[in-house]
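The same chain A turns up in both complexes below, where it pairs with chain B and then with chain C.
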Partner chain A sequence: MSTNTAPAPVEPETPPTNKHAGGTGVLNRKRGTIATVVMAVLAFVWLFPLLWAVYNSFRDYSYTQANGYLSFGGWTLGNYEEAWTRGQFSRTLLNSLYITVPAVLLTLFLSSLVAFVLARFSYRFNLTLLGVFLAANLLPPQALLIPVFRMFRDIPLPSFLSDTGTMLNSFTALVLVNTAFQMGFCAFVLSNYMKTIPHDIYESAELDGASVWRQYWQLTMPLVRPALAALATLQTTWIYNEFFWATVLISRGDKFPVTSALNNLRGQFFADTNLVAAGSVIVALPVIIVFFVLQKQFVSGLTLGSTKG
Partner chain B sequence: MSVDTAQPTKDDARTTRRKPRRRSTKDRLVIATMIAVPTALVVWLVWLPALASVGLSFTRWNGFRLENIEWVGTQNYRDITTIYPPFWPAIQHNLIWLVFLFVFPTVLGMLLAVVLDREMRGSRFYQTAFYLPVVLSLALVGFIWQLFYSTDQGLINEVFGTRIDWYGDPDINLWAVLVATAWRHTGYIMLIYLAGLKGVDGSLREAAAVDGANEVKTFFNIIFPVMRPINLIVLVIVVIESLRAFDLVWIVNKGRNGLELISALVSQNVIGEATRFGFGSALAVIMMVISSVFITVYLRIVFTQDQEEK
Partner chain C sequence: MSGSRPTPSTTIPASFAATRGWTRRNMLIASGLGLGGAALLGGCGGGDSSGSGASAEPGAVRFGVNEARGSGPAFQRNEAMANAYAAAQGVEVTLNAVDHNTFQESINTYLQGTPDDVFTWFAGYRMSQFAENGLISDVSDLWPVDGMGEAFQQASTAPDGNQYFMPAGYYPWAVFYRKSVFEENGWTAPESADDFDALLQDMDGKGITPFAFAAKDAWAPMGTFDILNMRLNGYDFHMQLTKGEQAWDSPEVRQVFERWAQLLPYHQQNALGRTWQEAATSMANGDCGMYLLGTFVVDGVADVADDLDFFTFPALDDTIGNDALDAPIDGFCVAAGSDNQAAAKAFLQFLGTAEAADAANSEADAPMIAANSNASTEAYGALQKKSAEVVQQASSIAQFLDRDTNADLANTVITAALQDFIRTPDRIDEITTSIQQQAQSILGTS
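Our next item is the complex of A and B:
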């Protein structure tokens, strides 16, 4: 596809003739038109795969087989029905929920504890501590696979946490692993955010006799709510999308979350592209809804982490 | 609460970096717990396994009984580099992955950000279009692109009247997968640069415009240097992303037949037919060593930024 077409937004041109008009950030007219056209084309190219998936998910397989995919018509909802039952999405979506929600809450809670200590106190080990979490966040998970896999196979879990009796094939394992990996990013973002809270607030809280825990829970946490919301949105999509650990730590079909279930559907679906389309839309829908409802949170979450301020 | 509040004087409240006052035992316990619990989790599930991978990489082990672990020294590393066929292709693919991500989606993402940073009509809409794929998992991206790549039902083959197996042909499937990755990666990079560009002082650009500098000059002389910290972060992100790349090739064919990547090789040695834990660990350690160089770079950038702010 044409993803490689580089845009030419900055055509070399003679310097602007009228220096007085034209604000700083605004493109002049000619360039503005070029940029708009290039952007519109690229934006369409970028949206096209999703639109194409939605379009074909509503079309009958036999119709597209007879008329080709470049046709119009053959509307049906059958692909969704079939994809839903054959893909067992009612179960895998629920599994994803059981993994994502606890993992996001635990990640935010634990990383906010670390972030609070990092921001509130200036211990000598602060930088090292942050390093321990941040580096963990960047390490390739495959590098840790073998020991984690082997360890989980031997750790027994009570039956209410895992019906296989070990951490392998349990939601608990995925929740903990995701949490361990994501804490670094969240602790980093949160501690930067918490550092903007004026120190005087803590001083007066201490004068009032507030314990450290109360300062954390009743003073800091309410103030960092915007950052928590942004991170929650981001982490929800990331953990919902997490594929590697869900693939290697879960081998029982009834335990797969949505993303790793795709692995099994591949064989069943790839012979019927319309089914692939419907399945893709079903899997994408939860994150796309989250994205559109909480778009601002999503973007600010990503940008909080990559740069400061 | 039990903090002794009688003696603190007004003047030490003003200096923030002072000796911490003595806290009650309970407070100190709370602080210790706040650090200890998350640290224990990350040490248990990340750092100890990392060390264990290093240790296991010098052994031969089928993963069952601990007493069967057999010390073989650097044998695994020698085998990997000499007689393990998929290794060098995997290294090559990872490198291609890295170069491709830099040359196309990263540069494109940066250019998009520079253009969309202007007050352009519909800028919000374009931004949304470009980063919509970012919310999708790479496994799902692989699924969606099957609609284009399928041999008999894919759009590309239908438009051009060809019958190419884009995901299956070992000569081209790497490129097919890379294009799909680029679809998602571009928006991500754009977002990072957009955030960074917000920090570029508008007056700098204005001054350049007054001096008669054209857009290209303004970009290279003013905007690009200001973005230096972001460029470094993006560099590290791209390197680490291309090293970790896994989801897409695994969903396509479990990292075989033209799509070998180191991450997939590690996984094949654990959950594949043969469980060779020592051998797989050696592959894992190779990954770890490469990534740790860039993690160090990343941490240095982050921490120097930190120092500057103080």
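Our next item is the complex of A and C:
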């Protein structure tokens, strides 16, 4: 993804330099060619393994085993069919959906509340509060593994939320853990973004009699929509890809998210790499789709935040 | 443990054979974190009390299976056993199927969290460690089991003298070859060390690499170490070494590495970058003459399965002979964390019977042999029949290095040391000294 976003910040600079220096500036034609070549090479280096996996996901294992991976042929769609059934993707993709959607919404809602307070008011402990949220973001999740695991084991849940009666093996646990770990970053980004909103707006709103809640919900939230969209893209990707907590907190085969279910494609001794490649493509697709759908907001959200701040 | 049965992993220990080979880097990292975490939890012993004492009484049970649903014969066999029990007793058996590697990586969190009543596991040190930590239940009241000999009872016994395990099946490690390739070249299975040397020379002379060899799966070279150690120093020394009662820098162990270094030129080069499946393929297509691996090798070369045969590694020292081998045993344990001990034991008892083995064997083929000697052998293929024969003839059976010794030692120290050795076979002294130092700190022996 970084390859896709990397060229974006360059664009705004290009027209001014060319105008001022008439082709002899930082990005004259010669240097521009070099930059293009370098970027093309880097993009290729990044994309090659992915494309190679996609290429081999359409090939039969026995063919590549007999002829080597440098060969050409053995085309089949069978890997995708088998990956879909063996990986139980129809269920595990739903599991991922049950985890990702609530977690992303909850993260954005809670962190926007924090960010609003931090940006709108100037309390004495604002900086400390932001520091606490950021510090939690720096804490490696592994360090909290044992306390979280033991805590969740002892928290009872009603049986419609968890069939084992505890937080372990429940989607609720994963939603909460992911929300907790993503909130620091989101609060930081959103509060910086909200600080760019002129304070006068709030004064006018106050004069018109808008409550604090209304200032948050009807005034601030619409204005930070680009930042929310950018964060939603990022968070969806991160939480969807999350593997660590799912492996630790879930031990029921039918509750694993799709990332963990990829392991289903490998047998006890034997791994059909072409099949795993097909499965990986299937698993990667939703994230890629989300990214392309929200790409515009994603890029504009990032650059808006950085230049205005 | 993935140990003897791991999937292709790179430098990650067999037991930790995590999701390797995904093309996406973040998943690779995430999986690495996952195992570190699971290992951490191993240190915080469970507060569960062992549920021994309850007598077996059939009832609804939850059954943890270390194979994903639909992943093939291994899952089908477990499912068939569960169905047979459910039908016979009229109780419900709820399957929780988790893929092999994930199951193993998270076994500590699994047992300390909300385990199923009965779950699939392995004999040997792996089982003993859980018994000592009070994570699995004493099932000695189910022993002796009709149809299982002394060797199986021994393999199910923890150091405290009680049984904690019910064997289901096993498979031997041996030297595999293609019958047609051997016939074509007039080769026969070597009977003695001299035969063996002559065979290596002849293969080499004909431009065929004698041994296929892969070390990208870090557990794979352990098979070679095990067999050389058992041939050169004997079974008793091997077991003492795995328990920390012998030193890894002793002259005996060095001798094993020295002999291995002499044999390395007869092995495929660049083994560190090759998975066992690729090595098996080189044997299947005739580039290599032989391959020392477990019987699961047939999974990797299904096309030539009918042409495969094997022999046990020949004696290298006549005073020691060749009647010891690796034959890892798979089976079942009762989780101490289960609040359903009586029903769990009743199910465990069933899983050890010939009836259960027959249900599994009639459902799906596998390169496994039933542990219960009363089980029917009708469904066995030629390789399975020969495996059973070979294991019955063996006087001593080891479980495989990463099942016989401490998991941390095997998976973090020895795997790396063996790969180091394969890369630089002339550094035997440093490598053995390093293993010994780390073994001392891990096992706490002197």
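The rule is simple: the second predicted complex is superposed on the first by the 246 of 309 C-alpha atoms of A that agree within 3 Å, B and C clash if a C-alpha of one lies under 4 Å from a C-alpha of the other, contacts with A are read in each partner's own complex, and residues count from 1 in each chain.
In the analysis below, a contact is a pair of C-beta atoms (placed from the backbone, for glycine too) under 8 Å apart; a residue touches a chain by one contact, two chains touch by 3 or more.
Because the structure is predicted, anything quoted here is derived from the model rather than measured.
Within the superposed three-chain model, A:G253 lies in touch with chain C and out of touch with chain B [touch as defined at top]. When the two structures are aligned on the shared chain, A:F149 is found in touch with chain B and with chain C. In the superposed pair of complexes, A:G267 makes contact with chain C only, with no contact to chain B.
Judged by the number of chain A residues each one touches, B leads among chain B and chain C.
Residue contacts after overlaying the shared chain place A:P158 against neither chain B nor chain C. Once chain A of one complex is fitted onto chain A of the other, the partner contacts of A:S62 are limited to chain C, with no touch recorded for chain B.
In the superposition on chain A, A:F243 contacts both chain B and chain C.
Legend: residue contacts after superposition of the two complexes on their common chain; A:N169 is shown touching chain C, with no touch to chain B. Look at A:A135: by the touch rule set out above, it reaches chain B but stays clear of chain C.
Look at A:Q88: by the touch rule set out above, it reaches chain C but stays clear of chain B. Shared interface residues of chain A, touching chain B in one complex and chain C in the other, are 49-50, 52-53, 141-142, 145-146, 149-150, 241-244, 247-248, 251, 259-260, 262-263, 266, 270, 273, 276-277, 280, 284.
Those residues of chain A lying in contact with chain B across their complex are 1, 3-4, 6-7, 9-16, 19, 22-27, 31-32, 35-36, 38-40, 42-44, 46-47, 49-50, 52-53, 56, 64, 68-70, 110-111, 113-114, 116-117, 121-122, 127, 129, 131-136, 138-151, 176-177, 179-181, 183-184, 187-188, 199-200, 203-204, 206-214, 216, 237, 240-244, 247-248, 251, 259-260, 262-263, 266, 270, 272-273, 276-277, 279-280, 283-284, 287-288, 290-291, 295, 298-299, 302-303, 306-309. Residues 5-8, 19, 21-24, 26-27, 30-31, 33-34, 36-38, 40-41, 44, 64-72, 74, 96-102, 105-106, 109-110, 112-115, 275-277, 281, 285, 294, 296, 299-300, 303 of chain C are the ones touching chain A in the complex.
Within the complex, the chain A residues that touch chain C are 49-50, 52-53, 62, 65-66, 85-86, 88, 141-142, 145-146, 149-150, 153, 164, 166, 168-169, 241-244, 247-249, 251-254, 256, 259-264, 266-271, 273, 276-277, 280, 284.
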